[in-house]
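Structures incoming, each one as structure tokens.
Shared between the two complexes below is chain A, which pairs with chain B and chain C, respectively.
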Partner chain A sequence: MSGSPTYVPKSALGRWFESRLPIMGLVHSSFVAFPVPRNLNYLWTFGAILAFMLGAQIVTGIILAMHYVPSATLAFASVEHIMRDVNYGWLIRYLHTNGASMFFLAVYIHMFRGIYYGSYKAPREVLWILGVIIYLLMMATAFMGYVLPWGSMSFAGATVITNLFTAIPLVGTGVAHWLWGGYAVGDPTLNRFFSLHYLLPFMIVGVVILHVWALHVAGQNNPDGVEVQNVERDTVAFTPYATIKDLFGVSIFLILYAWFVFYIPTYLLDADNSVPANPLVTPAHIVPEWYLLPFYAILRAIPNKLVGVVALAAAIILLAFLPWLDTSKVKSGKYRPAFRIFFWLFVVCCVGLGYLGSQEVSDTTTWIARILAIGYFGFLVVALPVLGLIERTKPLPASIADAVLAKTKPAEAAAPPASR
Partner chain B sequence: MIRLTTNFLAAALMAAGMTVAFAQDDAEQPKPERQSWSFSGLFGVYDQAQLQRGFQVYKEVCSNCHKLSIPFRALEDPNGPGYSVDQVKALAASYQVTNDEPNDKGEIFKRPGTPADDFPPPESFPNDQAAAAALGKAPPDMAELAEARKYERGFPWFIFDALPFDQYQEMGADYIYAILNGYTKSGDPQWNLYYPGHRIAMPQPIVDGAVNYSDGTPPKLDNYARDVAAFLTWASEPTLAERKKIGLRVMIFLIVLATLLYFTKKRVWSGLH
Partner chain C sequence: MSSAAIEKPNRRDFLYIATAAVGAVGVGGVVWPLIDQMNPDASTLALSSIEVDLAPIAEGQIVTVKWRGGPVFVRHRTKKEIDDAVNTPLAGLRDPQTDQARVKKPEWLIVSGVCTHLGCVPLGHEGQYDGWKCPCHGSVYDTSGRIRQGPAPLNLPVPEYAFLSETRVKIG
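This part shows the complex of A and B:
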């Protein structure tokens, strides 16, 4: 699926350079000539939004690291110093903390879009798995970032999450001590988390490059889930069509981001993280950041620690197996009426688990969480394999162009396509 | 689309049902009421006179037990209390602070404060351990107090709290105001209506007439609570006014940019058929 017009350098210098390092040609074929299905909706702008957010997090993070001190005695004060005394430090920090939430909001929309339109199906399995790896790295990065201000909730969160490893039989405690660099969460833990929090984003960049590479090999999926057959009829060039659409999508997303940063900057921050960490005082109600809440609810719904940890890990790892769990040949949920119902139930389970994860535990919440957790796993390991075998799907359009024309000019689409 | 809406409705109803079930558990402890503040809303700024009164309440009452780890110079903030350089110099000099380094003889010594120094801890409690030993529990540092106090709003209010024109960011101030007004059981100075479990370590700290305002504001508990809550909100977030001012410009810029991009996108795509 290479774009038709190839890159031809205009100047002599350009030709000289291109024959030695064809990077401009690579950029041209990837981001200018690359053919994009013409029926993409705005859910497909989240790739660009995520790329922007990754860049924003790295830039703001590097600036914060110039002023932050990774030490159990000084970390909290250094964050206060950033907020009060560093020029526009408050802005950089609010951009970074809220940026993490925006990053996850975008990635969740991106993932749900992928599931709804079957974007993980052949030939995009590797593309999807790379996405799951990015998601795992994001969660690790965000978790360690949350520990850095060394507030009360940072400390409690670090303790709870690292303690999960003690559930592993035989080696669990050893693993936990190794992670902590001691016998409890402390200064060595904070230092290594800071180091890794700086490293992992660049690993994310690496996997994102692979993700985009895989995308450019397989081509983009689209809302109708039929592959491109005729580049002329079914696609448009990435530039200007997708570029301008992505820019518009990013600008709308930026409005939301700016709303959080400038008007409700602490809305998503836990108040307990404005209290310095004290190993002797644990917050009354330990909660992770909102983007990890569904998994936290699954963990808490299971009384046995080891089983809980396994379920927590399975809830994430299973996503990587979606290409094989979903047996349907039809990609897009648009043509799968039964799948659609289960998809929205799955979304309800995820949101419901997220809400329950934020609440204090009671018998009621535990039981509702169990039902929703069964719904979560049921969708992945029962509904998806079975639906593909029994579902009566709607007829697919013959091509992307036909799908687009059917929407705009119903009469014309009824006529047989002239050439294929 | 209809199916979509029905699903969302079902989800909302389910969640609402859960909230009702949970709300009954802590019904006996009321939530702080939402007050009106000069610093709330899209264009909120601090009221300088109120912050100065609030600082007076802090200095005369709270500071006996609570430390406030911010430098004296912060009080010069034009978006905050806005004291003059000379006023702050004089104020700082009225405190004795412990010097960071020992003198030539190797002795740790005290000296009059300068605007660059932090407020020293209360004289009777040089550290948290001393305070905890005397009071049962160390009083929290007030520099971050307003940020460090929130309360559960529950579904669906927490969603409305994030929306424009109703955004709710003043929970810390409302909490402090509520606690100071929550000593409603006469004869029990440690009973507080708004504190979880109603047992609070801090006995009623302030009553009507405890502080004499010089600007004619009635010396009532309600005013003290309001003013000190405003002052502590400023102490924990001195950049609020600047943030909202820049935010307005950023929002206008982004909305114009998005509009222009929308029409450009339409124009570019209109060439297709």
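This part shows the complex of A and C:
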């Protein structure tokens, strides 16, 4: 029941419109007839989950902006006003703050999926780089959003992140003053962060459109990492197969989201941010939001300011070069036994760095963070290039259909995919 | 294509270059105000100095005052704190500066309260040297506000200030 591969308008009005603006045909070919590999697992539903989260953040964010006041003297009170006075304000704010965390949780799963299955390899390099750009924009948006409530942790976060620029030789301090609009983080900083926090999500939407476009040019990668050879045998239609599966994935994810919003809405927030910002006092134990902790740990692990900032930037920028750092021709980790071990060590390094980033600084945490940071960079710049040259990979299946049918009984193997 | 016959520049080439040059100046002229509007504005620049009354600050006490939107520490140092600062050998310092170069009167240390690492406000009377310790990334300053440990690269800067009288100081 995959329907017609090309869009045929059913009404006269439809035909009239399609000949003038063929947008329904574009939707049909992109989201209805589009062939998706038949072996996709649930890790491939995170694209849809992320699209949903982006929409949810934009809707809740636009509503919050109707009640929020971007002024150093009024911002904190306006957030309290949203929480106490505005009808359902508490719900909309908790959806937005927890939504940011859910968005990052989904993007991290999406990224680790991409790394494990080699989704960045040819012909999907541009697709991957667009993803890294979206991730950078997400971090910038989330950071500026965290500043808006103007609590003491907002203020400390804004101070520390903008001060990263002072590590630049010669012009660093001037750049920081330019970012602040003053000699310290203050009212002008809050105002421009609000303006940009409203702008950046729409830039994310723009890059997401390019990301989906690039995806539809190259086609989706899949758990076996072999390209589609025969559309009839190897793929199913996006609608209903992927649409329904994505909806189911989104629904399960919504349960987790709702659990956070309704049962533990402040679990991921910091108590210090319930204290209004005070430029003369920094909270005793400052931590960024959880999704930035691994990078924060890398920054803290290095005793030199400039090198620390460069390492922090490199940890993110290097991801864009993964298509060329990974020298293996085999895409999927399923057929790369040695890569698999290093991949999971990489995951351990990331999670470990995240944990250490949340802890107070001590000699022990610093040393463990250094070892894990070496592991993080070692995976990207040593393990990936070298593994591709020396690893003995397992034999790849001849096609996606062969990989799927090998798992089922021989009697079913003869059946065409459409009847499954 | 014909081989490398170098043509003499003609009037068309001149027009292209002249147009591009004027266009670049025009774009620059339009872009600069859009960038410069983010720099500290006139009202921020106007808040350039404050006066602090030193009389109520007891020996050993550190007072934090707000100057240009950020903290400045005014520290009434004890004899021991002054001696510690003066007797520190310069060889071991990351950003070598004598204590004398950082104060106008030895008992009054006036330094910026912004950590030179990433801008947090260090806590007074903390750390190995009893100067300041930054809660964010563990930078340690001595009783002269000089960096001794941790990731910060520089000493706490000394702002411009002048004693108006025995008990009054103007910062900025």
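The criterion applied here is as follows: the second predicted complex is superposed on the first by the 405 of 420 C-alpha atoms of A that agree within 3 Å, B and C clash if a C-alpha of one lies under 4 Å from a C-alpha of the other, contacts with A are read in each partner's own complex, and residues count from 1 in each chain.
Throughout what follows, a residue touches a chain if its C-beta (ideal position, glycine included) is under 8 Å from a C-beta of that chain, and two chains touch if they have at least 3 such contacts.
None of the values given here were measured: they were computed from a predicted structure.
With both structures placed on the common chain, the touch criterion links A:T159 to chain C but leaves chain B unconnected. Using the contact criterion defined above for the overlaid structures, shared-chain residue A:L179 touches chain C, although it does not reach chain B. Once the two complexes are laid over each other on the shared chain, residue contacts for A:V381 go to neither chain B nor chain C. Once chain A of one complex is fitted onto chain A of the other, the partner contacts of A:I244 are limited to chain B, with no touch recorded for chain C. In the superposition on chain A, A:N304 makes contact with chain C only, while chain B stays out of contact range.
By the touch criterion stated above, A:L136 is placed in contact with neither chain B nor chain C. A count of residues in chain A touched by chain B and by chain C gives the higher number to B. Residues 284 of chain A lie at the contact with chain B in one complex and at the contact with chain C in the other.
Chain contact summary for the complex, chain A toward chain B: residues 38, 80, 83-84, 90-91, 94, 236, 240-241, 244-245, 247-248, 251-252, 254-255, 258-259, 261-267, 270-272, 274-275, 284, 340-341, 344-345, 347-348, 351-352, 355-356, 359, 362, 364-365, 368.
For chain C in complex with chain A, the touching residues are 35, 38-41, 44, 64, 66, 68-71, 113-114, 116-121, 123, 134-138, 150-153. Across the complex, chain A is touched by residues 3-4, 7, 10-11, 14-15, 18, 21-22, 25, 42, 69-70, 74, 140, 143-144, 147-150, 155, 161-162, 164, 167, 169, 171-172, 196, 236, 238-239, 243-244, 246-248, 250-251, 254-255, 257-258, 261-262, 264-265, 268-269, 272 of chain B. On the chain A side of its complex with chain C, the touching residues are 156, 159-160, 162-164, 166, 177-186, 188, 192, 279-286, 299-300, 302-306, 308, 361.
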